[in-house]
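Letters A, B and C mark the chains in the order given here, with residues in each chain numbered from 1 onward.
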Amino acid sequence: MSMAPAQKISTPARRRIDLQVVGPIVALIALVLIGMALNSNFLSYANITNVLARSSFIGIIAVGMTFVITAGGLDLSVGSMAAFVAGLMILVMNLLTDRLGVTLPVIFAGVALALISGLVAGLINGLLITRVGIEAFIVTLGTMGIYRSLITWLADGGTLSLGFEMRELYRPVYYGGIAGISWPILAFVAVAIIGEIVMRHTAFGRHCAAIGSNERVARYSSIAVLRVRLATYVLLGVLVGFAVVMYVPRLGSASASTGLLWELEAIAAVIIGGTLLKGGFGRIWGTVVGVLILSLIGNILNLTDFVSPYLNGAIQGAVIILAVVLQRKGAADR
Amino acid sequence: MSDPILSLKGISKSFGPIEVLHDVDFELRPGEIHALIGENGAGKSTTMKILGGYIDATAGEVLWHGQPTHFPSSDEAEARGIVMIHQEFNLAEHLGVDQNVFLGREITRGWRLDHKAMRTRTAELLDRLECRVDPAVRVSGLSVPAKQMVEIAKALSRDLRVLIMDEPTAVLTERECEILFRQIERLRAKGVAILYTSHKLSEVTRLCDRVTVLRDGAMVRSAPVSDITEEEMAAAMVGRELSDLYPAKAVPRDEVLLEVENLSVPGVVESASLTLRRGEVLGLGGLVGSGRTEFAEALAGLRPREGRVRLMGEDLPASEVRTALQRGLVYLTEDRKGAGLLLDKGLRENLTLPLLERFGGPLIDRRAEEAALDRAIEEFAIRAPDRRMRVGNLSGGNQQKLLLAKTLLSDPQVILIDEPTRGIDIGTKQQIYALIAGLAAEGCAILVISSEMPELIGLASRVLVMHAGRITGALEGDDVTEGAIVRLAMGLDDNREGAAA
Amino acid sequence: MIKTLIATTALVTGFSAAAGAETIGVSIPAATHGWAGALNFHAERTVERLEKVYPDLDFVLTTTPDSATQVSDLEDMVATRGIDALVVLPFESEPLTGPIQRIADSGTWVTVVDRGLAVDGIENLYVAGDNNSFGRTAGEYFAETLDEGAKVVVMRGIPSTVDNERVAGFEAAIDGAGIEVLAMDHGNWNRDTAFTLMQDWLSRFGQIDAVWAADDDMAVGALAAIEQAGRTGEMFVVGGAGMKEMVDRIRSGDKSVPVNVTYPPAMISTAIEMTAAGIVGNAPMSGDFIIASELITLDNADDFYFEDSPY
């Protein structure tokens, strides 16, 4: 019974972890290098700001999605939910403008409403999944259709637009910033940092991973499985609301095509980042890298005539698969 | 003596820089049952996997009828009649029993599956195993021993030349073991070469013709069973003489820590009652499926229950695992891999999982966790090559020690331990027994559930026995004998009056 | 068997028609984007109005998210409502040609709107916008307004026949005018996509003199990106389809949005009205009715502004 073999294994262990970590980062750096090679404006302040700011909606949502997926869940409804929350927010803000005029309280009310309706929407998903016991895929597929219909109905099939003056007042939330960094970027960074800390350094994050890894073990370890799982959906809902708060000032409108396919982009970003789709392991910084990879692909394609625009989707798909293959190869080497 | 059908010559195997098998010779002969024994991590599994064609050796030769051979995959080995029954069952849970037995080798009539023929054949095979499982039911609904029987039926359904069995009796009750042994003997008579592993040395003596002992990846002894005693086997495995397996029993004190009155779990447990005193080790015996596990799980809040449970004089609410833990009652599951440990996580994450709030809030103090792991590794003598490794890669004994450490992390007063030594080598068993006795001596109250009769007798001062959801009797002092436990477990003696004691 | 049944139903309702109620089925795509939303708006309003004007007429209005649903909707209309006339905007040409042909064969009046069927001569009446003219009108404005050597970018819609026809018309119109098309990509008739696309184009090209967005939703996105980049004075944006907000900007003389091109969703109203008139008046209005695109300018913008339209 000697402890002798203890030191022997440690070296390959370290190498294996590195491979896994490096995968998405290598992909990101490769994309940046390609972008620099193809267009001199790629690294310009304006372009970088554009890419980061537009990534922020999906990014903020994807952070929440990382928790849901890590805990072994899934949420397909976030895109429609974002559209619905945006529509609701615009509608209510327009109504309040009639009463209160173009004033800050209207914006505060709108923001509060977005966060609360996101929370409620997440709560509904979560309760149906945890208390009624319907599979997450089905529940959120259902709510996805419901929210998409609701926004179409709210907008009468058209577009809901914030009143012009209100839009001007609210506009700086997307276009403004401090020290040259725009608000959506700051918001995204804040959410990502907090998310990373919560995931890695709090009991909640650890419990999510435990539940996703083996729900029974989690239950036998006296973790309140249902409550934690419910919390992941609520958190995601609130983050969807927060993303909407950043989204609405951009164009000041919402329509049936708002947030279309955001759910898939968010899920793709999470998976590219190295979180396991079946749950049990998640990392927020990976998700952030995943979101940036997805955004950069679109950006680079727009900045060049490299391929026919008909093939944009194919390039995106190939990069997604490649990024994941790189990682899984790293994982398989263990 | 017939010539070997399958043998290993000078086999070594390395995983990365670590050599886990060194120069092993091993022979399987038709009509012979060859036991392969050793502690967890001694290299038994690796040896079996090489024989079964699952992995390749790093050096040395595999011989088939004396000719060097190579199985590119386990399928190739199976094609020659080499079948391995794994400890973790290889069954498709959502398919029926018959579908599993003929999985990949379905009987067809033309292009259609011949369900009737497969069902009939399966029924015949199960009948030979004296197993009353309906071939049409889904595997997921079967008990663990029944699944084992299905695995064996699956092996029987093939043209079997070599059968490799990885601890087949670990999950079986004594009666089921006997049935299994009869089957194995029947196969031996038909000229099948059998490799048998078990931690129960009495089985080796009872069943096998030849025994080979592995220690730390090397062959230390190989002899006909008639030439070697169980003590010698154990000594060869551990590498030293084993002192008495069971420690001295602690003396129960007067203070009652746990009182259970008429606890029922609908359909599984019916009005079971017991009292557990400080310093007491209470045994709970009975067949698998008699409701022992469900009883303990209901106590710990893992299952809904009716009836009254008083923990240290206060009522314990039902279905609240957290409350039970906080009030000092914990349950150590029998299902180590399915409910005990997160196999894809490291030791640290597993150890602190139930008690994260104790390691700082809102942020977890990783240094405190590492310190706790240091203590656990030290206290429970956990042998992990790398403390960051996945728990799934630990040997069964070390997993069990880690699970014990995790369960005991909250310093509980009342500990329910379900199958404390399932699938664990004798050296580790001894450590765990000492630990249980030590806990009792410190003043904990312990309920030990076990299918191993000697374990109950050796550890517990008092033994309750369950049958079909009821506590059918209580045995104390000299009355605690294998015969008495078996009679109660089979529902033959019913002295329920004594049970409430 | 089913076919006979349909025929009989049609016959029976045909008789009863003399006595009173005739039914017109209207099947259009669901309101999944702005233009389709307006189409729904106009269809519903027209149906309401006509039900008052013609008490003898019944209307069945269905909206469909895809071709398959539209086929079953049409089958239901014939089987359970016994429609006498059908006004349909086919979701896709190919899959719906067969089903509509069967309905036409059974003697039901068929009006096809906007998207032509794959086989000629099935419908009694064809009412459509002219996509080629839509692109041409914008292109002609570009050719007239811009100097030689001007640089433009083109934002296309979702890849489809409609989009191809529009772009073909545009390209034909600017041919020879010395206008350089810097880039052409799909904005998918979506504001967000257009915003992103325009941002990237603004990073990529130092000089852009004009933007043609083949739809007003995309124009809105493009304008927001231009404003963000602070390059508002440098270029103008021409969208299309006469969105309220755009027409309003033309009315008020906004230099960034000098003109717009119509592709009126109100064509559905025209189609329903003509069909109703044909059924009631027994004066069949058959043939093709193509609504060419018009250029909305500062001078005529008031005529194209509908206060209560959602679009």
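A few comments on the model shown:
The working rule: a contact is a pair of C-beta atoms (placed from the backbone, for glycine too) under 8 Å apart; a residue touches a chain by one contact, two chains touch by 3 or more.
Only a predicted model underlies this, so the values are computations on that prediction, with no experimental measurement involved.
Centrality annotation: A (chain centre taken as mean Cα position, compared with the mean over all protein Cα atoms). Taking each chain's centre as the mean of its C-alpha atoms, the one that lies farthest from the centre of subunit A is B.
Taking each chain's centre as the mean of its C-alpha atoms, subunit B lies 71 Å from subunit C. Chain centres here are Cα means. That of subunit A falls 35 Å from that of subunit C. If you average the CA atoms of subunit A and of subunit B, the two centres end up 44 Å from each other. Not a single residue in subunit A touches at least two other chains.
Remark: subunit C residues 30-34, 36-38, 40-41, 156, 159, 183-186, 189-192, 195-197, 199-204, 217, 220-221, 224, 228-229, 245, 309-311 touch subunit A in the complex. Interface residues of subunit A facing subunit C in the complex, by the touch rule stated above, are 39, 41-42, 44, 46-47, 50, 54, 152, 155-159, 161, 175, 250-251, 253, 255-258, 260, 298-299, 302-303, 305, 309-310, 312. For subunit A in complex with subunit B, the touching residues are 1, 3, 5-6, 8-13, 197, 201-203, 206-207, 209-210, 213-214, 216-224, 280-281.
Here subunit B touches subunit A in the complex through residues 16-18, 302, 321-322, 324-325, 331, 333, 335, 338-345, 349, 353-354, 356-357, 361-364, 366, 381, 383-386, 388-389, 406, 427, going by the rule given at the top.
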